[in-house]
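Read from first to last, the chains carry the letters A, B, C and D; within each, the first residue is number 1.
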Amino acid sequence: MGLRVGMVGYAFMGAAHSQAWRTAPHVFDLPLRPEMAVLCGRSAAAASAAASRLGWAAVETDWRALVKRDDVDLVDICTPGDSHAEIAIAALRAGKHVLCEKPLANTLEEASAMASAASEARAGGVRAMIGFNYRRVPALALARQLVADGRIGRIRHVRATYLQDWLVDPSFPLTWRLQRQHAGSGALGDLGAHIVDLAQYLTGDLITGVSALTTTFVGERPVPGGSGPGAVTVDDAALFLGRLGSGAVASFEATRFASGRKNQLRVELNGDGGSLAFDLERNNELWFNDRADSAGPQGFRCVLVTEPGHPYLSAWWPPGHVLGWEHTFTHEVRDLVYAIAEATDPSPSFADGLQVQRVLAAVEDSAAHDSAWTPVDQGGL
Amino acid sequence: MGLRVGMVGYAFMGAAHSQAWRTAPHVFDLPLRPEMAVLCGRSAAAASAAASRLGWAAVETDWRALVKRDDVDLVDICTPGDSHAEIAIAALRAGKHVLCEKPLANTLEEASAMASAASEARAGGVRAMIGFNYRRVPALALARQLVADGRIGRIRHVRATYLQDWLVDPSFPLTWRLQRQHAGSGALGDLGAHIVDLAQYLTGDLITGVSALTTTFVGERPVPGGSGPGAVTVDDAALFLGRLGSGAVASFEATRFASGRKNQLRVELNGDGGSLAFDLERNNELWFNDRADSAGPQGFRCVLVTEPGHPYLSAWWPPGHVLGWEHTFTHEVRDLVYAIAEATDPSPSFADGLQVQRVLAAVEDSAAHDSAWTPVDQGGL
Amino acid sequence: MGLRVGMVGYAFMGAAHSQAWRTAPHVFDLPLRPEMAVLCGRSAAAASAAASRLGWAAVETDWRALVKRDDVDLVDICTPGDSHAEIAIAALRAGKHVLCEKPLANTLEEASAMASAASEARAGGVRAMIGFNYRRVPALALARQLVADGRIGRIRHVRATYLQDWLVDPSFPLTWRLQRQHAGSGALGDLGAHIVDLAQYLTGDLITGVSALTTTFVGERPVPGGSGPGAVTVDDAALFLGRLGSGAVASFEATRFASGRKNQLRVELNGDGGSLAFDLERNNELWFNDRADSAGPQGFRCVLVTEPGHPYLSAWWPPGHVLGWEHTFTHEVRDLVYAIAEATDPSPSFADGLQVQRVLAAVEDSAAHDSAWTPVDQGGL
Amino acid sequence: MGLRVGMVGYAFMGAAHSQAWRTAPHVFDLPLRPEMAVLCGRSAAAASAAASRLGWAAVETDWRALVKRDDVDLVDICTPGDSHAEIAIAALRAGKHVLCEKPLANTLEEASAMASAASEARAGGVRAMIGFNYRRVPALALARQLVADGRIGRIRHVRATYLQDWLVDPSFPLTWRLQRQHAGSGALGDLGAHIVDLAQYLTGDLITGVSALTTTFVGERPVPGGSGPGAVTVDDAALFLGRLGSGAVASFEATRFASGRKNQLRVELNGDGGSLAFDLERNNELWFNDRADSAGPQGFRCVLVTEPGHPYLSAWWPPGHVLGWEHTFTHEVRDLVYAIAEATDPSPSFADGLQVQRVLAAVEDSAAHDSAWTPVDQGGL
């Protein structure tokens, strides 16, 4: 049986999702076979070219039409954040399953409406998932298992940084990601959202409050096309401290100004039974310190997460044959297809995405109020 | 225009090649569009199941039939080494382009016949390539560029090890890879072939002689299916020293008995202008020492080979979004398609594969004669 | 000519300083020859045993007597922080040079009085230095040079963590370091002081404000000797964000609850011209990213800081022969001896120590007020 | 009670030994207190200056006089290899304990005579030790313990490289280390001796045969002082393969031409129960793979060898406070003093040194005979 996918957007995320939809059915033994049915973009010519290159069977230029098509079962949203809510809610109401890129939305209001729409649609058997793809790095999925199994005990510290450097040069142009009306925020929503989600996912806990500062190092940048400089209206960097429900403390940093760090998402958990550490630039490795090891040869183990018993790995290559960044999307798609086929709730849900938005909102609120401690609304979750 | 591919074999290598054929046309802008036309396997049922899973349009059970089909332009050989020569030569004579997995063959005679067949077929515009896929790790392709550009000067040392550990347990069964009649040799042909090819590729030089030892640590293993133990007739490990034409010296080690090393191919080159180092378990990194750096902050640079200017990377993701092991095959397929479309010689050629076989033969010869220095036939190349 | 040293305290820091005083004159060509003259401790028997073991010529049991001795030129203070002010001020007023362990004092008032005393004594040619020994890690001294030379450009980010794990076990006893009246604070003053000093030293800038949280994970611990549990009155962990005068942002974390991290002081600076990174557990390495490198092989260089041209190294061993933790004290002593002989101001000064205390005080203040942003008094510096 | 030491030579090794003799009695609780009594060098002026700088009480200009002095109990030989035999044998016959730097001698004949002299002297309670200091790196001492405890099972592979780069520049002058009459050999005796000793020490086994090649990349170098170029008469690099008594195979490489490798001694052991790996440039770390770990989080552990339970560490600093290269000599001296006080045999003995020489002789023999397999004389050990 098939699962007909319609995707909106075909830039960076669209290409990554396409690779996932194309690959998943040939690597995993899926209960439903995804079909790359329709690609949607505003320009017919550009969308057609993209569909041809990325392997989509048909093209649509209006997302409103897409979500109503009978030959589409699932809508995959790969657009900037300012259009997520409108598309996702329409699709859910039309009875389509939805996969939506992160962040869920640019505002808390929109995110909340999306979570409500997902909740209503769920009653009708419709599934919604948010694309925090890093949950599907095998090393991080293994980390979650180890935490859930109590292997690092009670967690005391979470330390997460997501560092990139593509804005260091002040002549980099003022793209949509640097404009609040399109992107919502800067490093915070783009990078910070990932590490907030991971902190909550890996610990199985929620962030209850934050203290934050944000900064914009370069206030003006050239407008693409050339009509002089324009104002950067998002943060270049966001730093915040937090507490989790368990009493653990956490530190976060997201920036696009860390020279030499290309895509360095690092996360470390320290528990009273051990520690875990991860670096996305060495995505196949999980570092694990186990206090239960005998005293002599104790230390951080570099686990090469490529064994058949590791998450997602039995479908791939023999041990030591490493995976890449794009595989996270293939795993995401696999899990979503299973959830749809088995009528279970995919994870992370829109509610999870909303909870991340609440943390981000608290961060912005704290940063706007001299870093004052700002509780995170738990939303009755 | 299409390039219709018929593939023989569908185990580990077949799955990896399938992923490559499936992905390459959607990532790279290819001059010919590969079509996954026919999968060939002896059992119709098994081949059909594999074709369905891996995405091949049709099935053939006799490679002799496959190589004669009008609707096949290229034969991709993913079988054990003992059948390479027969299939490849037949395919070339039938005017099909050939991609053949390494090692080229199990004997020097077969390899030589294959190189001759490729040479003859070339006159008719038919292309042949051997699948030393590690030449297409972007970090190693970059290493080759740096060597060719003189960035490490005159090379003094090559140091290459390929370590795995899947035979450490003596209860691991006696599979085809442990039987000389199928596999030709053990770690030597399977792993050693890769590092010999890389040594010659990266330096742009040839190995002129070797001194070697081989060993089989576990002489008997359980026969799969259960009729008691059978003799292991290949090496478990092969170690050899060599000299290159330039006067550089080299050290090689290939083993399946290095506990904890899953797929650790390491290679280091030391030149009088700098050094390069690589580890396949961290496949996105190339370590580069440049003696031209100013004295103060000199050291090995960890180059994350994910920039648009790096080999193959402009077609993939933004900087820092890492690739995996399987991408080497996608790059291999890309380069082969270009060679066919542009009527140029693909690299590595069957002649390159033959030259590797000559080195492996010299290694076995030396090991059989108390490690005596054994010149490598240069074959008039 | 000799420089007669009297040292107060002979525990961990006393042993480290002894090793430094003993070694420095034999490794460096010093303008004054230090003599290990007098060791001072309250118990005559214990002090005598320590003097014999550590190599001090005589013993004194009252620091008040020590600071008045004519045969002592310099007083080296290795006691807990609650006695620093009294001893240091008395020694300075008695015309003795002073080397004082960090933190300068347990309270801002005491630290301020010490800085004033040092300033007054300076007029009479008396020198005072605070023992932020990590400034003398060769790799960090080299980092400072590179920053000062503009090699990483304008600094945007400072990221510093100092992680230990010796308090993870709740049965660890309630030693003096866990009691506010002796230690002043916990991880903050012990570990945080180091990273605050390094942040200011490496950037050549001052922290202008902070937002902080502190926590005590284990509130009661067994009293040594055994009269039941007692209250831990210091922080187990301190996390804070800051801004520097230049507009750079900074993140700090100090903890004794990071399982598996034994003495991991890490610091990273990101500038618009490059980055620097350091890890005390690999103390001989400085990682340097230079945006001026050509695009191809750019990356973090692992500089092994053991070359003759590197700070302090010309006196030691050939390249690649690494130094340890204790060498920082030998370098500290060397620099202090030079400052005394050449009548220059040693660095870091008591004023530098006071400035660190002001940051720590602001951290405690912010933590006590819901992480509210708290400016750091710049003290007219 | 004292142990009066007379040291011959005061260059690199002499400075390192001085630091050890000076430090050991203040760090370790020794049964005999070493006294730095006499320094011996041919030039009275130079020796006096060195004695003053390094902390020796008296000076002697003739080693023949030194070994006869009543106020000397132990002779520490830090001269080039061509004088080891004469001095050591004379000292032993004069009833002095001897510590001799490696390699034991430049010729097998001399080494054999030294071992005989040590054996004879032993009957009279006189001790002799050879300075393979890397046995006293705590991480390597721990590695030996783990091997002896069976933690890595039956050893299959030894892989050892010792890479330096100080000869890469062809204008580096023709010092004594590059002349056969003084140094015996080049990288082989200087660096190769260390890794041969470590291979035998760590495994508790002997090398039974080798196949080797050596090379001299730069045949002429400027004579210091300036009378034109002179011939380099030693090897620049030595590579060899070996077998151990147990059936394990081994690979060795020693070179001074590995650009960017300053003092990189690496050794790895692969056993059927696990593996161990070490790198001298990160001397505080031992990497340990334990096949007994549960399948999920298995990997190489990075053991920071600074815990009180690790070899030599209880006398030093708290966990995580790392040691340097020079500490190996302090540990060497400690162990020798204990052996003398307790009338036990110090290790490594002159017989161990002789056995290393036999391996080096076999290496040179094999290299001179087209790498032919060359058994190592086991000398009736």
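The rule is short, and it goes like this: a residue touches a chain if its C-beta (ideal position, glycine included) is under 8 Å from a C-beta of that chain, and two chains touch if they have at least 3 such contacts.
Since the structure is predicted, the reported quantities are computational estimates derived from the model, not experimental observations.
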Query raised in the report: Across the interfaces A-B and A-C, which one involves more C-beta pairs in contact?
Result: A-C
Query raised in the report: Looking at C-alpha means, what's the farthest chain from chain D?
Result: A
Query raised in the report: Taking each chain's centre as the mean position of its Cα atoms, how many Å separate chain A from chain D?
Result: 54
**Report entry** Approximate Å spacing (C-alpha centroids) for the pair chain A, chain C
**Finding:** 41
**Report entry** Centroid spacing, where centroids are CA-atom means, of chain A and chain B in whole angstrom
**Finding:** 36
**Report entry** Where chain B touches two or more other chains, by residue
**Finding:** 261, 298-300, 304
Query raised in the report: Which residues of chain B touch chain A in the complex?
Result: 12, 16, 18-19, 22-23, 26-27, 29, 53-55, 164, 166, 261-264, 280-284, 304, 306, 317-327
Query raised in the report: Taking the complex as given, what residues does chain C use to touch chain B?
Result: 142, 145-146, 151, 285-286, 288, 290, 293, 295-304, 307, 309-310
Query raised in the report: Which of the residues in chain A come into contact with chain C in the complex?
Result: 152, 156-157, 159, 161, 163, 165, 168-169, 211-213, 215, 217, 237, 239-241, 243, 247, 249, 251, 253, 255, 257-261, 268, 270-275, 289, 291, 298-300, 366, 370-373
